[in-house]
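So, here's a batch of structures to check.
Consider the two complexes below, in which chain A is the common component and chain B and chain C are the respective partners.
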Partner chain A sequence: MIRINEMFKKLYKISLVVLLAIFLLYVFNEIHDLASKSYLSEHYISKGVQETGAINLVTSVLYDYRSFDTLGEATVILTASAILAFLVPLRKVAMHGTKFLIIVHQTMIFIVPYLAVLGSYLILFGHLNPGGGFVGGVVLALIPIVMTITYCIEFSEYKFKPNIKTLLEDLGSICFIILGLFGIVTGSNFLASGQSNLGLGNPGELISGGLILCLNIIIGIKVGAGMAKIFNSLIKGE
Partner chain B sequence: MELAVWVIILPLLTGFLLGISKLYFNKILFPLVMSSAIIYLYLLILVIQNSNPPKLYSIGNWGLLGINLMVDPFSSMFLLIIAILFISVIVFSMKYIKMNKHKYFIFTYLMIAGIAGMVLTADLFNLYVFLEVSSMSSYALSAFKKTDKGIEGTFKYLIMSTFGSFFILLATILTYYLTGTLNIAEVSLGFQDIPFMIKSMLMCLFVFGYVIKIGLVPMHAWLPDAYEDSPIPYNVFSSGLVMKSAIYALIRVLYIIFGIEFLSESGILNIFVYWGVITFIISHFLAFQQSNLIRLLAYSSIAQIGYIIVGLFVGSEKGLIGGSFHILNHAIMKGALFLVVGIFYYSLKSVKIEDIKEMGYKYPIISFIFVINALAIVGLPPFNGFMSKWLIVEAALESGFVYPAFFILVGTFLSLTYYLKVIIKLYTKTEEKIITKVPLALKIPTIFVGSLCIVFGIVPSLPLSLINNIPKFLLDNSEYVRILLGG
Partner chain C sequence: MEILYFIVIFLFCLGIYTIISQKNLIKIVIGFTIVESSLILLLILVGYKPGGTAPILDKVYQIVVDPISQALALTSIVIGGSVTAVMLMLVIKIQKRYGTLNIDKIRKLHG
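This part shows the complex of A and B:
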């Protein structure tokens, strides 16, 4: 009897998944036949460079047209890292696999500067090349993560104090809002960059794109600090 | 309107500042939280006053290319709920929360920012982003006590809620693919020449996603577990605002994007009305079996959500008014009940119904508030719950839903039985027991929120002057679309 019950439960779960798959397949099949409209994306492609001053159109959408969403996403990352730092027990546990050869330890010394340069490049040239604050921030976060893995968590937290990471995260979010208020001060709306009297510069130069460059730097620092904090909190687990 | 954006960024700023103050200036917690809450209250009142006719605010001055915020009567009613609950709960939790005060207030402020964003935004993806902001902080607060039970409940909540978010995001992506825009007004216009079949499928995805977040009956199981071992001031927000903001989003999406004609054509209105009836009947029976006061109130919340769903989906002007009024009333009544239970927990360290014996003599005023609000939530005159329930029954009868209207009366009777059970225990004498003295800072917010239910019951025109404008912009979406498109 129990076995039949178990079988029935399994069948029930499988049939639920299969039903969902059939439904989604049907939806996608039906929608695929319709012509999709894209006036918004066409506007972004044709007018994006002159309206925002950023050559990388993804950044121009992320940090200018829809920068309010980015504020929300940054808040989600901040909340996630705050939850992890809060919920994970404070006990420190020895990590597995910390016995590396000296070769690995020495190589790290050479890798870290490259990571720093790559991360800052991705952040600073986010509006010109593929990249941007989120990507660059994650690359920067690799530095403390790599330190945690190769040396130990104490060393990584000695070099980058948890308090400093939290401070950077919160300061980054505050600066995002303050930069947004700059738009209100200059007589336009919240988070306005091209519409306020801020010069957009020549597209293609490093100092161009109005607020986009500043927002990239802030988001880069914030995301980097947040990711490092999340990794260190998770690895502390029991 | 300039102030609309401040409604979102002021709590965000306060949350981030609290994060810094935790590290370096531990002392400024109280002045920072209180001054921010008072400024926020003032701000909300200003925004609510200017909400009719609806005002538009374009973030970054991009117009239809970017994100717009819009304050209309329906969203300003939610701002009113925030205004009433927020200041009271902040004062209450100042004394109530003993451990990790900073973290608690950070999460609370971020949650309020997320809910304010959901309520104000007129953009589908922005709605999803703020939904995530409020849900993330809500998970954190639900697991705040770090007990095993609390973490287990939060895990259920997390899994179910993420499942719902997945469907909402999928529906948003497909909507963007089909219409090429995310602005609610333009989506609504673009949907006019989309085949009926595809529209219904998109609606299924939206409905399924939001219904999990709301907690209608087959998907309600996470809710009492998540409530059971979380801080009680959070429960006030959770039942008053987090669930309600999902209802807001569902109503906004269905009524504005799909339009009332499509809703009645596809039969979703009938489905929702009967779904609401099933929800409140089943959860009333479940509530009757509980021995834990918080679980009882949680099941009662699900039941009240059933009434609200019946009212909002009857599809007439009166139904929308009744449903919206019941959202406001339920937030107040359930808020007051949870605050009273919070006081009992503070002094007794227990929330079992058995243990609250004789509290009626120890705390006469607080217990009186409990009785009033319990009777109001049951739906007895002259309290506010009676007004809104009566409006819902009347609207259901006018639209030809005779059986739902009858079952609402049956549900009222059912809820009376289990609330009476609690009230009788409250005034039962028992042997002496040790109780902790409750500070005045816990009592004043409770009395304030609790007495509102008499005020709104005797003078219902006070909130109804705001609520009466709601159907104008929901039932006929052309007006809302016209204002949002900037004409």
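This part shows the complex of A and C:
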């Protein structure tokens, strides 16, 4: 009797999921020619480079047209790392370190400078190339994570102090809002860089695009500090 | 093009089935992650145009894919990572307090 009951339960779950699949198939059949009628993206593609000064259109959407979205994202990362640091006592260390051979240690010493250069490049050239603040910040956060895994958590926290990481993350949020107020001072809206009278420069050069370069650097530092904090909190929680 | 929509539907339903059928909390978190990645794939697919290039205009291109949906996909990736970290932390706390990850046993302990 119990086995028949279990089988019936399993059948019920599978039929629910199949019904959901049929519903989604019906919906996608209606919307699948959505891309041919998008006037907003046509405007961004034809006018975006002149209006924002960045030739990477994803960056120009993220940091100029929709900066409020980016502020919300930054707030989500700040909130997540704050919750994790709240759930875990900051000082206590419970990680059992793994002993690696000397080959792994020497390889890490070689890899870390390349990671730093790659992360800085992705952040600084975010408005010209694929990349940007979020990706570069995650690559920079790999350095403390790699140190934590290879050596131990005490060494990683001796090199990158938790107080300094918290300070960098808070400073990033505050600087983002201060740069947004800069748009009001120059005679436009909050977080405006293309519409304000800043001078955009030539599209395609490193110093161009108004506020986008500064916002990229701030977001990169903030995301890097936040990701390193999140990983160290998860490791300590065991 | 059409096959990719089927893949999105398959991944979404697989994630939902994982969430409602598994008993282990870690596997439920994995189901949430599968649903998230299917939605990211859908966002990229909606903005795709056949034969389009990436939206980096260093020259003049004829067909360029939609930059808005790619920016929204980046937003969704970042928020998904943060939410997954918080979920894993709560799973660690539950494991420390009750000593198990099975949701049936956790429910039996308290009402």
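Basically, the second predicted complex is superposed on the first by the 224 of 238 C-alpha atoms of A that agree within 3 Å, B and C clash if a C-alpha of one lies under 4 Å from a C-alpha of the other, contacts with A are read in each partner's own complex, and residues count from 1 in each chain.
Simple rule for what comes next: contacts are C-beta pairs under 8 Å (C-beta built on N, C-alpha and C of every residue); 3 or more make two chains touch, one makes a residue touch a chain.
Bear in mind that the values here come from a model prediction, so they are computed numbers and not experimental data.
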Combined model on chain A: chain C and chain B, fit or clash: fit
Partner chain(s) touched by A:Arg3 [first = chain B, second = chain C, both, neither]: neither
First (chain B), second (chain C), both or neither touched by A:Lys99: neither
After the two structures are overlaid on chain A, angle v-u-w for chain B, chain A, chain C in degrees (C-alpha centres, nearest 10): 70
First, second, both or neither for A:Glu73, with chain B first and chain C second: both
First (chain B), second (chain C), both or neither touched by A:Ile230: second
Contacts of A:Gly183 with chain B and chain C, given as first, second, both or neither: first
Which of chain B and chain C A:Ile83 touches, first, second, both or neither: both
Closest approach of chain C to chain B (Cα atoms, Å): 6
Shared chain A surface residues [contacts with chain B and with chain C]: 31, 34, 38, 40-41, 44, 66, 69, 73, 76, 79-80, 83, 87
Footprint of chain C on chain A - complex, ascending: 10, 13-14, 16-18, 20-21, 24-25, 28, 31-32, 34-35, 38, 40-41, 44-45, 48-49, 55-58, 60-62, 66, 69-70, 73, 76-77, 79-80, 83-84, 87-88, 128-130, 132, 134, 204, 223, 230, 233-234, 237-238
Residues of chain B that touch chain A when the two form their complex: 2, 5, 9, 12-13, 16-17, 19-20, 22-24, 57-62, 65-67, 100, 103, 106-107, 110, 113-114, 117, 125-126, 129-130, 132-133, 136-137, 139-140, 143, 146, 151, 174, 177-182, 190, 194-195, 197-198, 201-202, 205
Touching residues on chain C, where the partner in the complex is chain A: 2, 5, 8-10, 12-13, 16-17, 20-21, 46-49, 54-58, 64, 66-68, 70-71, 74-75, 78-79, 82-83, 85-86, 88-90, 92-93
In the complex with chain B, residue positions of chain A that touch it: 23, 26-27, 30-31, 34, 36-41, 43-44, 64-69, 71-73, 75-76, 78-80, 82-83, 86-87, 163, 166-167, 169-171, 173-174, 177, 180, 183-184, 188-193, 195
